[in-house]
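Paired with chain B in one complex and with chain C in the other, chain A is shared by the two complexes that follow.
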Partner chain A sequence: MSLFWIVVHQLAEIEAMAASKKVITREDWEKKLKDVKIKKEDMNKLVMNFLVTEGYVDAAEKFRKESGTEPDIDLATITDRMAVKKAVQCGNVEDAIEKVNDLNPEILDTNPQLFFHLQQQRLIELIRNGKVEEALEFAQEELAPRGEENQSFLEELERTVALLAFEDVSNCPVGELLDISQRLKTASEVNAAILTSQSHEKDPKLPSLLKMLIWAQNQLDEKAAYPRINDLSTAMLEDPTV
Partner chain B sequence: MPSSASASVSVSASASASSTTTTTSGAHSDLLTRLTSSEFEVQLKALRELKNRIIGNRTKKLSFIKLGLVPPVAAILASKAQAQVQAQAQAQAQARHDSNLLVQSAAALGSFACGFDAGVRAVLDAGVFPNLFLLLSHPDDKVVDAGARSLRMIYQSKLAPKCDFLQEKNMEFLLSLLNSENENVTGLGASIIIHSCESTAEQKALCHAGVVKKLISLLKGSLSQRDNSLESLATVMKNNVEAVSEFVGSESGRALSSVIGLTKDRYPRTRLLASMCLIVIRNTSACYLQDIGIKTKLVHLLLELHDDPGQVGDEAPFAFSSLISEKPDLQKLAFEANAIDKLYNHLQKSQLHPKRFQGILLALADLCSNLESCRSRFLSLQALNLVSDALTHDSSDVRTAACMCLRCVSRSIKNLCAGNFLNEMIVPPLVRLLDDPSTSVQVAAISVIGNIAVDFTMRRSLFVQCGGVKQLVQLSKSMDSTVRLNALWALRNLMFLADNVCKEGIFMEFTASSLASVICDPEPFVQEQALALIRNLVDGCIKSVELVFTEDGMILDAVRRQLQNASTDEIWIQGMYVLSNVASGTEFHKEAVMHQLIPQEDNGTQSFILKFLQSNESQLRTAAVWAIVNLTFPSSPGSFSRLVKLHSAGIVSQIKSMVNDPCPDVKLRVRTALGQFTTFGDCST
Partner chain C sequence: MSNNTNSTNGHSDRDLGLWFLEQSRLGSARVPTDMDEDEEAPTELNTINSSGGFLVVSPDKLSAKYTNVNLHGHDVGVVQANKPAPVKRLVYYFEIYVKDAGTKGQIAIGFTSESFKMRRQPGWEANSCGYHGDDGLLYRGHGKGEAFGPTYTSGDIVGGGINYASQEFFFTKNGAVVGTVPKDMKGPLFPTIAVHSQNEEVNVNFGQQPFAFDLKEFEAQERMKQQRMIEKFSLPTVSHGIVRSYLLHYGYEDTLNSFDMASKTTVPPVHIAQENGFDEQDVVFALTERKTLRQLIRNGEIDSALGKLREWYPQIVQDDKSATCFLLHCQKFIELVRVGALEEAVKYGRMELAKFFGLPVFEDLVQDCVALLAYERPQESSVGYLLEESQREVVADTVNAMILSTNPNLKDSQSCLHSYLERLLRQLTACCLERRLLSGDQGEAFHLHRVLNSCKKARC
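Here is the complex of A and B:
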């Protein structure tokens, strides 16, 4: 976060100097950037935070050994979390639910929306596999009572069961439920809930730092022409267009 | 096509109940057999299966509880928890088996108890509560976690047993929980505080044991520790000046600053809990957090938290109420922050959770309790329609809250004058609530009627047509003194400046003998309302004064008895006004009042009116002098003879001595009386 404030501070300085749109040469810019000090440990922590949140457990373990950066969470829990995520992504929802319950029974007991979405995903998988009878029974037994408790669940349930009404599901208005993106959506919802239950932020910090960088550049664009970073993946400074 | 699909869903929704029972009872006997199996693997598998079937599924929990699955699970936990205590040195394999069974059984029990009072009761009834505590000292961390989680679930219910902190061993135990390295265990400690700490003595004991300091240090812990700590701090500081000043002074004010900082946290739950903590500090000690900046910030924050779709949004209106309740300055700030419009927008949403619905109505009630500006804004939004719908809501809490809201809005004299409340939309549902099975709904409904009955247009007949008077008269004979009090108060207001037809209607419904008996109610505050009711009855035209003379004047006798025997100024004031109003009637009425004031058979006792004229309560003096003024009105033929009687009873000289009464009201009436006395010449001296 401190990195961000350094940038903002610099922006303010530049703004104070320039009444009209000012041109900053690459040379000046690089000189200014040189004066900004970033601690190596901070960088490492951001990387570790990214690895942990995204669930790269082996990389995190290696990185811990090589850089000496301690993760803010027990790395073993990442393995469990990733196993859950993977199970949902592969369509093994029942397995995923059992794993979440082993990890922490509170998560699904106190998060009715997530629980409903997992059960809904289970129903979708049954329908995908053509198990119509089983799907109907499951909808009655497990999902209908949730729909009675919550109006918006009922609407979602109706949408899902509608899948059964179409011959050609790939071409029906609710067909998107069968899309792989639906699995990913459910998987990331479970992932976030597990992270929150472990008192861990559910999003990595690196993307928000980059978002702030883009925001700051957009602000600066109105005041000055300067070497801009346009491609985040290379972080190349591009010469100002004068 | 999709429409037929949705139709089949609604069929399946209603069919679910029967299909659930058939499948589960089959699974039940099987599960039950396996839970009681002697084979470890079978038992463990059964426990896991049970756990996975009930988590997140309230319907299943309930049916499994009914099928008696809680006791066998509790039995597994108990046997393994005690085995652990008895034989520390077990074979490793056996220990691992036991740990697994403990984790699974504790998780299942915790899930039965999660957010579900019937489950908590079943778990407590199974006698497993003390055994769960044994798990906290288990060598396996997973078992400790599972035990602590389950206990936390139980402590979130009102049904959980209270922990008495005044017992030293309990306090030591609590501190050991709070000092634990395990997050679930510190969380359990916080839950126990939140659940059990009620009295000031307990709060103080916790402070002295260093709990506040410990909780402050947990503010720096993980997300859940922070939230737990905020909630526990609020519990310990509520209405406890000592704890508040310890907290505010801690770490040279840094503890307070960190809580203020947490109102900007990214997690809504943390923001809500931090603001609740600050509200407790403010409401407990008037000397902290008084600057306009923090007040405005809290108002805006809480209004914003209403947008949260989950539990935070459900709790936000209650926190908002506690912030503004009885504080006109904060109500004004909230009004300026557009609170009425914002709350109204939430109220418009369909399918509101009953708790949120109740909270928003109560928050609106608090907003409208003092400021006319709030009430006019509320009425201009047509919010009354939504509130009148809420009067028929399924939840009794929502019905009560709707009444509270109506009561505060109907304090608006301007709108009462315009007759904006006594209408078809509000009166019939309100009258139906007088029959409500819940006493708190009844009382709340009566109190709205009390307010809107003071209607200056001629709409009272609507209320009578709906059968409202009949109901109120019934309720004024209730066993519950609060109900009697409120019913009489409502009737009193209904009687206020009513026309003679209306008054007679109420009187006939009530009957003289019942009125006489409520005047002599065992509760003084009920007596006062009864007398005030009679006072309004006899205010105005002669015909209504006649009413108190029916049945041998038993009402007037009851009034005299209260004036002689009761012992509070309030009762005397209302009683004296009754006599004063009656004395404004015909010669016959005036003589009857004289008879009450100065009985024929003089047994040497001082008349009560002398005592009232000498009272320290200026309102009582006013009422008493007013009666004398009415009795000695110069154009009445009998006034002179009454004056003579009053003179010989020492009343005239008493009035003369009051010519410079410190109360202007009394002074004015004393001078009127003296003016009337002089028209009869000097005979009065």
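Here is the complex of A and C:
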């Protein structure tokens, strides 16, 4: 090879290096991972936060004993919150409303949307149980006045009442209201409102941190090639593709 | 009892327990933390390179006054802070109070590079930017300003800041943000103030006094912005499985049973395990033994724990100079100190700990342990961390990891050390740190500890 071509070749290499991203080998990356300081008690807190927020009251109690981690909320309030949630999930909406008010009457007073959704759920349950007359009466007396205050409430009310127009609700366009997912949606709305009223975050921190991991890896992708964790459920490091 | 007789496991690599030695000292104040507050921030005005003769800096180096009569554009009284704005954080911010706007009110606040010409208004020259009081304009790198905010004069408090997340400068007047501009300058940036007409006088506040501007709230809002963006990512349903694997990994058996029980009755039931790729068999390994030992250690019953280990896993404790034995002996010593059995502690220390003196990896912890004896109230001493619950937890975690390492089906020795959760958190932290490193070291790092203790009331 002539000297000329060697120089050209080297220049091309330098150019390629400048344009390409920094490459971090597995060995270097593992060293960086090792240098990170994570305290066990912080991980325990993160797990406790998950148990508490998701309502695993027995597990939280056991975890307090087994790991010495203090929950960031009075565990007794979890039981009440879960009872409300469960009542909605089982379709006992009246029972749920009563329980929420026992817990803290301000929750529904200050949250008209949540109250409307609970009443709507109550209407759905009446229709599900074939209590047509009762359902109509309830819609007119309890829900219609609220619809006048708020356009979106009115639309939802109309959508719900439309259930009555179909003999076979399983095939009708608004049939999804009768689905279990509607109950779960309402239940998680109540759950969130109760947590908020207790000055607690309505979502556990763990999922946010996992999302942050996805985001942080994407961000770093722009600047470097490094071992990634692509499958969160196995936490397996995968070698960089160069 | 799963009594493993056949497993020395062929692992010739270094003692896994050594990893926990480092963990055991994380609580010590003598170990540097990796929080970034080691960066020095400006504290006063730099009187060495300030434009001599045009302004006078007060003895406390926190105010400047223009004493001359200004004649042209090259006799500005400029003064920089003694240090550049720190970069390893979300926001840097400082304020000035206009004590006297002088005859023309030609005051400026901004940021300049180290080599800035100290007779020119910040913003008039390259690599500088400044918000000027007399016209309310923002100057960036040349003599023509751009429309920005209101003018300011005597009695006003004006602030300048760098938002490293958005890569912007921002300025405030009397506690409210006036506006932002892109930060297009690189390298260290010095907080800078300028005065340019007779009797103009400003006081500068580098944070020694409370700011008029609510910086904490600004930072919270900024973090919230990032949070909102992150929340948009969709996440496969892995949280439940990750928590479960954590409980399995550390042998929190009672918690695990309650968790599984509750998971079955939730609506809808949570489906976990196998289909999520969790390899159950490997972690269920010796669950009950691990739980029992953890309980003993957490109760401070180190002798019983050692007894059980000798019975169930003799291979773990056969080498009395291993990190695991060392940590157990240290803990026994600590427990004796806790109950005030100092004489017995001394005897125990001579018998079991003295041999670790002079061995580099063990020395720090031995010294800390022995130091407990020096204090009447060891809890309040610099080695008080040893008496905390978390110290027992580390010892329990060590034993747990060692038992996991005796699993004949073990594929990767690292998996004994770290739960999935920990690996994910390490990856998250490392990614954030590396990104910052590749962005000129600017911005805030990720700290699990801060996330856990932040904004309980925030509605993200």
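Observations, loosely collected:
The rule is short, and it goes like this: the second predicted complex is superposed on the first by the 223 of 242 C-alpha atoms of A that agree within 3 Å, B and C clash if a C-alpha of one lies under 4 Å from a C-alpha of the other, contacts with A are read in each partner's own complex, and residues count from 1 in each chain.
In this text, contacts are C-beta pairs under 8 Å (C-beta built on N, C-alpha and C of every residue); 3 or more make two chains touch, one makes a residue touch a chain.
Note that the structure is a prediction, hence the values are computed from the model and not measured.
After alignment on the shared chain A, the placement of chain B and chain C results in a clash.
When the shared chain is aligned, chain B comes close enough to touch A:Gln140, but chain C does not.
By the touch criterion stated above, A:Ser199 is placed in contact with chain B and with chain C alike. In the superposition on chain A, A:Leu51 makes contact with chain C only, not with chain B. In the superposition on chain A, A:Phe115 makes contact with chain B only, while chain C stays out of contact range.
Once chain A of one complex is fitted onto chain A of the other, the partner contacts of A:Glu158 are limited to chain B, with no touch recorded for chain C.
In the superposed pair of complexes, A:Ala83 makes contact with neither chain B nor chain C. Of the two partner chains placed by the overlay, only chain B lies in contact with A:Glu106; chain C stays clear of it. Counted by residues of chain A touched, the larger count belongs to C, out of chain B and chain C. Residue contacts after overlaying the shared chain place A:Phe166 against chain B, while chain C stays out of touching range.
Touched by chain B in one complex and by chain C in the other are residues 196, 199-200 of chain A.
Listed in rising order, the residues of chain A touching chain B in the complex are 97-98, 101, 104-106, 108-112, 115, 119, 136-137, 139-142, 144-149, 151-152, 154, 157-158, 161-162, 164-166, 173-174, 196, 199-200. Remark: chain A residues 22, 24, 29, 32-33, 35-47, 49-51, 56, 58-59, 61-63, 65-68, 72, 86, 89-90, 180, 184, 196, 199-217, 219-220, 223-224, 226, 229, 231-235, 237 touch chain C in the complex. The touching residues of chain C, when paired with chain A in their complex, are 23, 26-27, 33-34, 227, 229-231, 233, 235-236, 238-239, 241-243, 246-247, 250, 252-259, 261-262, 267-268, 276-278, 291, 294-295, 298, 389-390, 393-394, 397, 419-435, 438-439, 446, 448-449, 451-452, 456-460.
Interface residues of chain B facing chain A in the complex, by the touch rule stated above, are 1-2, 4-6, 8-9, 12-13, 15-16, 19-20, 23, 48, 51-52, 55-59, 107, 110-111, 114-115, 146, 149, 153, 183, 222-225, 350-351.
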